[in-house]
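Presented sequentially are two complexes of subunit A, the first with subunit B as partner and the second with subunit C.
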Partner chain A sequence: MTDRPVRLEPRAWLLWGLAAGVPPLVGRNPFVLGATLLAVLAVRTVWVGGGDTAAEAPNAGAWRAVVRLAVLFAAIGVVFNVLTVHAGDRVFARIPDGVWIVGGPLTLNALVYGVLSGLAILILVLVGTTLGAVVDGVALLRLLPARLATVAVAGSVAWAFVPQTAAAFGEIREAQAARGFRPRGLRDLLPLVVPLLTNGLERALTLAEALESRGFGAVGPAGHDLQRVGTPSPKPETQSSLAVRDQWPAMLTALGLTGGAVGAYLLAVGQPRPAVLTLGAAACALGFAARASRATVARRTRYRPHRWTRADRLVAAASAILLIIELTVLRLDPSGFRYEPYPSLAAPRVNLLLLAALALLLAPVIASRVDPKTDPAVATVLPPTLGGRGGQS
Partner chain B sequence: MTTASREPQVAFDNVSYWYPERAEPALADVEWTVPEGAFVVVAGPSGSGKSTLLRCLNGLVPHFAGGRFGGRVRVGGLDTRRHGPRALSRSVGFVFQDPESQLITNRVEDELAFGMEQLGVAPLTMRKRVEEVLDLLGIAPLRGRDVATLSGGERQRVAVAAALAVQPALLALDEPTSQLDPWGAEEVLTALTRLNDDLGLTVVLAEHRLERVVGHADRLRLLPVPDSTDGVLDGPPRDVLAAMDPTMVPPLVSLARRLGWTPPPLSIKEGRDRLRRDQSDPAPPPPDPSPPGGSPSVEFRNVTLGYGRRAVLRDLDLEARPGELIALMGRNGSGKTTLLRTVIGLHRPSAGQIAVCDRDATRLAPADLARDVGYVPQNPGALLFAETLRAELAFTLKHHLGQGLDPDAVLASLGLTHAAERHPRDLSGGERERAALAAVLVAAPRVLLLDEPTRGMDAARKRALGETLVRLRADGTTILLATHDVELVAGIATRVVLLGDGELVADGPPRAVLSGSLTFATQINKLYGGRFLTVDDVLAGLAVADPRR
Partner chain C sequence: MGRRDTESEQSRLLGAAMLSRLQPGYLAQRGVSSPARRPPPRSDHRPHNWTLPGPRRLLTILALLVTLIVADGAPATGQEASPIAGHNRAGLIVRHDDGRLTYALVSFAEEEISGIDVLEQSTIPLVIVGFGALGEGVCSLAGEGCPAAECRRRVCQGTGRDAPYWQVFRQAAPGDWRATGLGASAMRVRDGDVVGWSWTGRDPGLPAATIDDVARLAGAPSGAAGAEDGLPSPAVRTVYPPGVEPPTESEGQSALTYLAAGGVLVVIGGAGAYAVRRSRGRPALEESAA
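Up next, the complex of A and B:
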């Protein structure tokens, strides 16, 4: 069936993303960055594709916009770096000192640093958008343990909500334009934002009703539904204090996520604060654990759990090996990853083992050639009576 | 009808319900039973409480909605006060009206499995049931599709399939076909009938367009207009139809009542039997009035949109003159909406010319074209944002540099004077549609584009909208109306343009295009054939043939 794209196990993709993300995160060695960029681009071409093969990834268009934005930001970063950082030994031009901020020597060092930083960010964005396009977010969330199933569904609903909201915004913009409306300033956004919010709330309400009627969070015939019967609605004060007591795991999780995001940002801009990251992760884990321990366990089953195919195993194994090599190099020869153009421009170090190992990033390209029909793991997914209907292809 | 040997599937015992912060009850002292295996249609005007009644069936009222609830509802022996929607999801399937927002996951198969996953159905059973419901609703080709790529009709069938996959004893559907084309609706209804007949599934269906469903139903429950003194009518469809307000009944029943046929026929087949015994032979309707002259206000010349096999409009020629009300018809995805959007410049043709009021529409921005063209999109909610309806109209006028009609007169002509100071979001569905229309009409557009304006509207509101459109047309507005509603088109359109796959299939007066059509014939046309389309045609014809009547 052509409309059923071959997908790799999300965990395999995550490993790949991790392996591809290490070089831009830990250093600016141009050889390493260049090799990573080439590998990521190759994978992208095969899996995300352009134009006609977009059937592989339905939301590829949106991701392409993100990449364009990243290229723009990288370019701005280069210019900004050259104009404001006047350090280094290779001066190629000079702006009169009197000019505010940008005045002073323009150095090749700053240009190189800017280009390499931009490259690192671009690679991260490319890896992220590739994952975004090829990994089924819902499938990923389904990997969460059963106790967190409610979190998983909430997340997958949110995942579906984003493109819906984007589509709704387009619809509103067009409807207002057809009414003669030309937005000129920020205040003019009201006719666009108000319907978006109210429509969004209405949609959220319908969705919540649908979730409720489809038994989401059902806990069997005698769940907490029972306690609500006939009890008069509690007074507002009681309600809010109850809410705080009930919601602290969620708050802790939110706090942890924020901490994690800040930590990840600091890491990305080259000022790693492991403490923030660790604390964030710990808070998240604690919050999740608290939630899970409180949730009444619902008996829940899974439709079509993903089986590891030969292609999945190939990508996962290659990525894992690469990760090990990367971490080893990082420990034994960190300069293989790193490059510092200040104070003087010198040739970057070459770690041949690392460069060769980066070829492992191409595993998804090879995996895309594996014919799933010959894969025994795929054949076992379907009971034999249904196998002929082309459910898997 | 299946006679219930045991407790009825649904039993309402003196149920009253108030939404939060409302003084007026939405349900007052409701007594209602649905026998096991019955097919019940709940009808009534907008705001009469159909949705509230249905939501009592799976406990969404009161568990989800809040408010005050008195009395008792038992569904399959379970008291809904004690068992909320989650617990009832095992035995009650629910399908909502809006195809856009009721699907939870992003893949069709996952959607079908969702309810079963929540209930812990064994994986192999789950696989089997997914296959079954895929076939039952004819959606097997959609199994791997992303939900976002489905049409409204496809989504609604997925929603029904997903509700059925859990194998509930009762299926409640809140106007599930109001947004579908006639064929999509028929497929859903046929599937429901089959499930009802073969598997004994109890079906409770809220629906406006009675002509589609009364033939399938065992019982019809008609809720009265809110604030009226009428009581609820509940009984076999024939009895209820004979007793209900004559303006609300399907054309076939309306005709039967005018001609004194008792009992009224419910299906065309029954009508034909009755007609054979009737000796009357109405004179054919008069020839169609000649189309209005004048220069066209919308002119399409060889318009193609999109490329190659993916073209949405192909080589389309169309002229619309002032004083014409053109109905655009065709199945979902045939290009009706795209054609409307092309007129207002939201789509650019890849080839061909479009002139709108003597201006080249292919070069103008929508906001410029809006000077002459008014466009009411399918979802009126996309338009309305202001605090009051009056402010909404003032906003449109501001963008037309104050040129337009008197807002109060527009509101009065649409019967919205009472709502001028209300928040547009607080209006009922039908009122909201008219509010969006008012916000567009106040600019006095020469061309009016309407995309499915009657979806979810009850018979009375539909008639009022029809009258408004006829008045506008008589005043010289060019109206393009995309719709599936054959009876509405037969009543008000001067021309019908039939689209198929982006191509113009037929173009002519309604009598020429609709009569004798397999899919687009009105009930009256199916009965009398010839060029008869409406009840009035037949009555006028009878008056000519036999002046004594």
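Up next, the complex of A and C:
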């Protein structure tokens, strides 16, 4: 029997995800993409489980459906690129010019670029699904300020939609197969789709009821702070002034999130100065919202706060070092990341330092080998049956 | 030439035969009634719309597509002869950031071609990206510009107002360069026209030159010398201003570098595989604790 390692701190995983996501986002160098893919696959196999269902993460099967979908889309992307991009010096076939959109020469350059782009998409999906499977969602939500908790809950519900739907589809398919149902065409999908839709609606209603019963999005009664429930405010306020006091942090939060999205877009389209200004304004808005909401949002407590273990520190440090190296290479030698097969197909440039540094992405694999019992930060938390001291921090 | 023509003719005939197989008449000859003549029986639980079996029909369509692709690759028999004697010429001047000027003379049989066609026929290394109905944008000419991925943002233009990018101009009169509002794809180039491309954010900075000047500066031979398929080959020559040296070909990286890169990939892959194997052979946490 195999086991999966203990959980890592979500911040360490996020840093790892960021470091692994930079190469496919900024370039198409085949060496860099290859090294990243190998490292991500190793981490995924160790932490999520590579087909061995006994050792898999709880929702690994559902995420595997997303990976399959990504492979399909990557393959479609390759065909689309070959048929629609007619640039390049290595022509291997020709479609008559009269054929709408796809007419023209088919080039090896377009094939190479399509394959590399598909590889980049696949790496990004692998990184995302690995994080989705291993990151503790509850711990991740707790990292955010209290004001953003509602947004984060909504985000986590959306994030869980795909794996939950995939899992539900698998269950329905198995149930129908047990009844002797064999789908042969598109028309036969109806007995699969209808229960899926019904299940989804039922799940949504149950979730809404559960959230409401836990006071999701509720505000305190007039004259009371949720932080000090039961203690009347020294100066009773009118309902309207309370409503204003409660609403403007929410408006600031919405403004900050919108500003963040706009800033990211400006950065992506090559407008760094307005992007920095917008992102700065968004950060200020979110900061004010978080500060202002201290009085109106319930204070959260933790039964057992996560402590940074040796494994967490190892992954976080390796990912941070790799990020620094990536940004430095991006600044000094961007061709180390990039590769253009147009107009002529040539050998890609190799940056050996960057390639060697990408081995740091294997840090979670090494962290999985760190014995938690030898870590004082973990020994106090683990129960005695697992070799810990059973104490509570 | 003759062999290619024969192959082309054969492939076209094959395509025609495949097409005829898809006609109702052919199906009737084969004893298969078409849906129009005799509808499928009502009692059929699931009406079958395809008259031909699926794989066979698929193979037929595939063969038709391959035929079309092959047929287009080779010149067709009996194709209309191009007007070799009266071929048209267009001049091209490309001005780079360092001031060097590339002159090219292209010949074409059509009455008019697009600005992109002129660039493509000039054999100057070119990177273009499509912008749908807006036509194509030029990203890079002779290595100057930006890669296609960046080109989609602002056609390689930086954030500054005067940041350069590849702009196309048409010479109304010698020295009178005018920007074309519709872009190179919509631009129609006719015999004797001179098209200018300049890596600039403001003024074109292109010299005054007639088509004969361009032909002379590009080193085009007189007459139809160098013609292989009826049209003279394009002539291209670059003129460097004083103080500007021809760019040296950047030497590729050594084989040792690529060997080392391969070694790094093997090490990463090997380390990952070893760790995966070790983690699979490790006893469970609960078991080891017990």
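In the analysis below, the second predicted complex is superposed on the first by the 216 of 393 C-alpha atoms of A that agree within 3 Å, B and C clash if a C-alpha of one lies under 4 Å from a C-alpha of the other, contacts with A are read in each partner's own complex, and residues count from 1 in each chain.
Throughout what follows, a residue touches a chain if its C-beta (ideal position, glycine included) is under 8 Å from a C-beta of that chain, and two chains touch if they have at least 3 such contacts.
Here the structure is a predicted model, which is why all the values come from computation and not from measurement.
Within the superposed three-chain model, A:342 lies in touch with subunit C and out of touch with subunit B [touch as defined at top]. Touch criterion met: A:34 reaches subunit C, while subunit B stays clear of it. In the superposition on chain A, A:334 makes contact with neither subunit B nor subunit C. By the touch criterion stated above, A:180 is placed in contact with subunit B alone, subunit C being left untouched. When the two structures are aligned on the shared chain, A:145 is found in touch with neither subunit B nor subunit C. Overlaid on A, the two complexes show subunit B and subunit C touching the same residues of subunit A, namely 1, 3, 386. Note for the complex: subunit A touches subunit B at residues 1, 3-4, 58, 136, 138, 153, 156-157, 159-160, 163-164, 167-168, 171-172, 174-182, 190-192, 194-195, 198-199, 202-203, 206-221, 223, 225-226, 228-230, 233, 298-305, 383, 386, 389, 391.
Residues 58, 60, 63-64, 66, 81-90, 92-94, 96, 98, 100-107, 109-110, 113-124, 126-127, 130-131, 143-149, 162-163, 166, 341, 344-346, 365-367, 369-371, 373-375, 377, 379, 381-386, 395-396, 399-400, 425, 439-440, 443 of subunit B touch subunit A in their complex. By the touch criterion stated above, subunit C contacts subunit A in their complex at residues 46, 68-69, 71-73, 125-130, 140, 147-150, 153-154, 158-159, 252-253, 257-258, 260-261, 264-265, 267-269, 271-273, 275-276, 278-287, 289-290. Interface residues of subunit A, counted against subunit C in their complex, comprise 1-3, 5-6, 28, 31, 34-35, 38-39, 41-43, 45-46, 50, 52, 55, 84-85, 87, 93-97, 99, 187, 269-273, 338, 340, 342-344, 346-347, 349-350, 352, 355-356, 358-359, 362, 365-366, 368-369, 372-373, 385-387.
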